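In the two assemblies presented below, chain A is common to both, partnered first by chain B and then by chain C.
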Partner chain A sequence: MRTYTVALAGNPNTGKSTLFNALTGLKQHTGNWSGKTVSLASGNYEYKDTRFRFIDLPGTYSLFSNSADEEVARDYIIFEKPDVTLLVLDSTALERSLNLALQVLEMTDRVIVCLNLMDEAKKKGIKIDARKLTDQLGVPVIPISARNNDGLDTLSEQLLLMCTGQTRTTPYRMKYNEQLESQISRLESELRDIFGDEYPSRWLAIRFLDGDQKLIATLKHRLSVSDKGGMTHGAAQALGSSNSGHSC
Partner chain B sequence: MEQLKRLEALTAAIPAEQVEDVREDIVGELFKKSRELCSDAVTVTNRELLYRSERLDRIFTSKLWGFPIMLAMLGIIFYLTIAGANVPSSMLASFFGWIEGYLTLAFQALHAPDWLHGILILGLFRGTAWVISVMLPPMAIFFPAFALLENYGYLPRVAFNLDRLFKKTGAHGKQSLTMAMGFGCNAAAIMSTRIIESPRERMLAILTNNFVPCNGRWPTLILLASLFMAAGFSGGAQTLVTASVVMGMVLIGVVVTLSVSWGLSKTALKGVPSHYTLELPPYRKPKILNTILRSTLDKTIYVLRRAIIVAAPAGVLTWILANIHIGDSSILLHFVHFLDPFAQALGLDGFILMAFIIGLPANEIVLPILLMGYLATGSLTEVTDMFALKQIFLDQGWTWLTALNMMLFSLLHYPCGTTLVNIWKETKSAKWTFLSFAIPTAIAIGVTFIVAQVVRALGWV
Partner chain C sequence: MDETKHLQHLQQATLGERFLIEKVDIRGEHKRRLLDLGFVPGSVIEVLKASPLGDPTSYRVAGTVIALRKEESQLIWGKVMSS
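== the complex of A and B ==
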């Protein structure tokens, strides 16, 4: 049986761990506050003879590597390259959630968006047009309620389709002002020369222009390691944040 | 090497001065696009409903009501825990006593040697039984109640209320969230300090976390409070006094946390608190049954596992130390006599200090080791009645001062072995790991010493 990896990303307190528990049957600690998940937990979920390995990333508002947990989440998506990055958005605070979603769409094509807490949104009189969002973001958008197990079948089906290459996405890429764009495209081609298709060049260019020293350091480290014939995988271990969930 | 050189050339070519502007542009565009997407796809039908959480927040985080409500919630949880744990504790105890009877019969039937019966039944079995019957019931009430508040969304409001206090001491407001995790387990709470971005403030949170009593210390606090502090009361009043004393201990822990944070941020960890945004999530009605079942089951398994992994070997070790004789007394007693003069100055005795030292791997086993030590045979008293315990303590010359100082020492002393290992893993620094051991220990010794000297000087005992 083939195993696909699915990374759960999203703002803090949008129900990533609840969705993780609902699908994997595990029991990660859940609670109604920001910053509860600090390490990567992983668990398996089987659907129609396919196994998905879910990684519960720490919740973050951005992926600019301001703090250790943002770095962990960011590096996982870039260096471990999950088959799908499942973005969990808070339907009751969509605008803030979309901020992060747009950043992830710059990094990878393989994204599914779930609008979690739909039940909550409905109670508050918030209506979201998922089809419109699908069109605009260029990736599947699925309304769910993880704690009531609503919409999980549709989600599973979509995961399967994307992992087996039956869904094509055209993710929305942020456009910036002219000056920035010209710098980006110049840097982008140079970066593509160096790394080929190993990493998303446009995204790398943006990070470089933003002066992301931690990312640059990580890239240099990986290059020097691979030169010595070492391994290029295992960014998560290098960051000291493997599965140490309940270590007490 | 080629790639690396080119990468270095590339990074050197990026002008450093424009970086600030770039970030602003990027973030600005992101916000603009998000807003645009939302205005297209989202419709709000009822504005009134959106602001319900805000109205509740005005009460829960108000300057006037914030603290009283917080204390009341904590008080209610303690009251429920203490009132509810008594009966199941005694039931578990007599259940284990019943099993022990049969086990002993089995050993006799097999003609097993006395030392084997001693190690396995009087050491291992009784030690484990003790930990389980004293610890499990309070934990099975405290944690579900706490989890309900957590899932409702109350914890960030606590952080909000305490933020001003923490900021004044130079610490980070999110430290109160890591403190709340410490109620469950300090070792886990050390991991949770990762939510604090600034290394300085994170270190403060790590160094002070063990001033919050963890699930290994609750039973000690609750048991001693109910046996000695609430002795003059009965029925509901007794529970109330016990709960108040336990809550007093928690408040002392908070005061010490704030003082130590303040002291450190004026000396070794100088700096100003960094700004941060604390999110107040909407209140969500927890899935009540689900939450209760899950946290009870989790804690049950956790306590049982820990009892088997840590308490069992410690029970065996204590039994062995108490039964191997050098000269006219056992190794254990030699050790106790050596510690006694120092311990007496702290208002404790040699046995208590010995129990804290052997109990380094886990706070859960301090009380069982102490009881084992007190019994001349070197094995634990049969677990039958919680209040029969008091006689054992009184026979050893305990007064309310001994109980109070043992509670204080338990609250303030060094973190358990697991926590120290986690501190080492998270800080990767021998110096800070050592300090996280030394600071609490010095405080525990200082506080108990002063309390003992003052109480004795005033002739209260």
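== the complex of A and C ==
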């Protein structure tokens, strides 16, 4: 039986762990990833003869690696490539949650959005049009209340569909100004020459333009490691040169 | 740069006042952090209360409470809104 990995991402206190526990039945254990001391909980969930391995990423407001937590969450999505990234949003504070959501949608197109805490939102008189949000974000949006086990069946069904390739998404991608866009596309094609489809090249290009030294260092390291395994020679140098003059 | 001349900074807003952010005059990671927390041009925040010594001050921003030191709030520019 194939196991699909599902990463849970979201702001702190949006109920990621509640959802995690509701689905995995608290059968979690913690582990360390790629030499980080921040530990990630993982647990298994079975639905219709399919096994999902859930990874509970640290709760963050952003994924620009301002902190160790953000770096772990981001590196997991980019380098470990979960089959689905499950974004858990707080329905009572959607404005805040969507910041992270847009960042994740720039990184991967395998995203499902959960509108958690729907019961609380209802109590506060907040109404959310999930269908409209689905149209605008370009990925499935599912209202749930993890605490009350509401909506988890719909969510499980959607997870199954996406993992087995039966859901097509068209994630919303931020459009930047003309000058930036032309720089992004230039860098993007250069990066694609180096990495192929290994990493999301548009996202990488944006991070490079933002001068994300930490990410560049991580990528160089990964290239030099795989170089020994016989990857295209000189790729690391190309990476060095594509970086010069682009940081702002 | 001089457009900030006619703007007020957040530190000038007093208790209970609402403030429309127009510019975050901070650089680098710090700015990124503030933007992530909701201190975004165009958003309206509310001054909640100051700590006993007057600094830091807490603000309601995008549905949550965040406290800033005056070093930061002095660099967030905009307009106090009439209530």
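In this text, the second predicted complex is superposed on the first by the 217 of 248 C-alpha atoms of A that agree within 3 Å, B and C clash if a C-alpha of one lies under 4 Å from a C-alpha of the other, contacts with A are read in each partner's own complex, and residues count from 1 in each chain.
Here is the rule we use: a contact is a pair of C-beta atoms (placed from the backbone, for glycine too) under 8 Å apart; a residue touches a chain by one contact, two chains touch by 3 or more.
The model shown is predicted, which means the values in this text are computed figures rather than measured ones.
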* Most chain A residues touched (candidates chain B, chain C) -> B
* To do: Pick one for A:N66: touches chain B only (first), chain C only (second), both, or neither.
  => both
* Using the superposition on chain A described above, determine whether A:T92 touches chain B (first), chain C (second), both, or neither. => both
* So which bits of chain A does chain B touch that chain C touches too? -> 64, 66, 92, 95-96, 99
* chain A contact footprint on chain B (complex, rising order) -> 1, 3-4, 6-8, 10-11, 14, 16, 18-19, 22-23, 25-26, 29-31, 33-35, 37-38, 40-47, 49-50, 147, 150-153, 155-156, 174, 177, 185-188, 191-192, 194-195, 197, 278-279, 281-284, 286-287, 294, 298, 302, 418-419, 422, 425
* Mind listing the chain A positions that touch chain C in their complex? => 61-62, 64, 66, 92-93, 95-96, 99
* Asked: chain B touches which residues of chain A in the complex?
  -> 12-13, 27, 30-36, 38-39, 58, 64, 66-69, 92, 94-96, 98-99, 102-103, 120, 123-130, 132-133, 136-137, 147, 174-177, 180, 187, 190-191, 193-195, 206, 208-211, 216, 219-220, 223-224, 227, 240, 244, 246-248
* Complex contacts: residues of chain C adjacent to chain A -> 29, 32-33, 36-38, 62-64
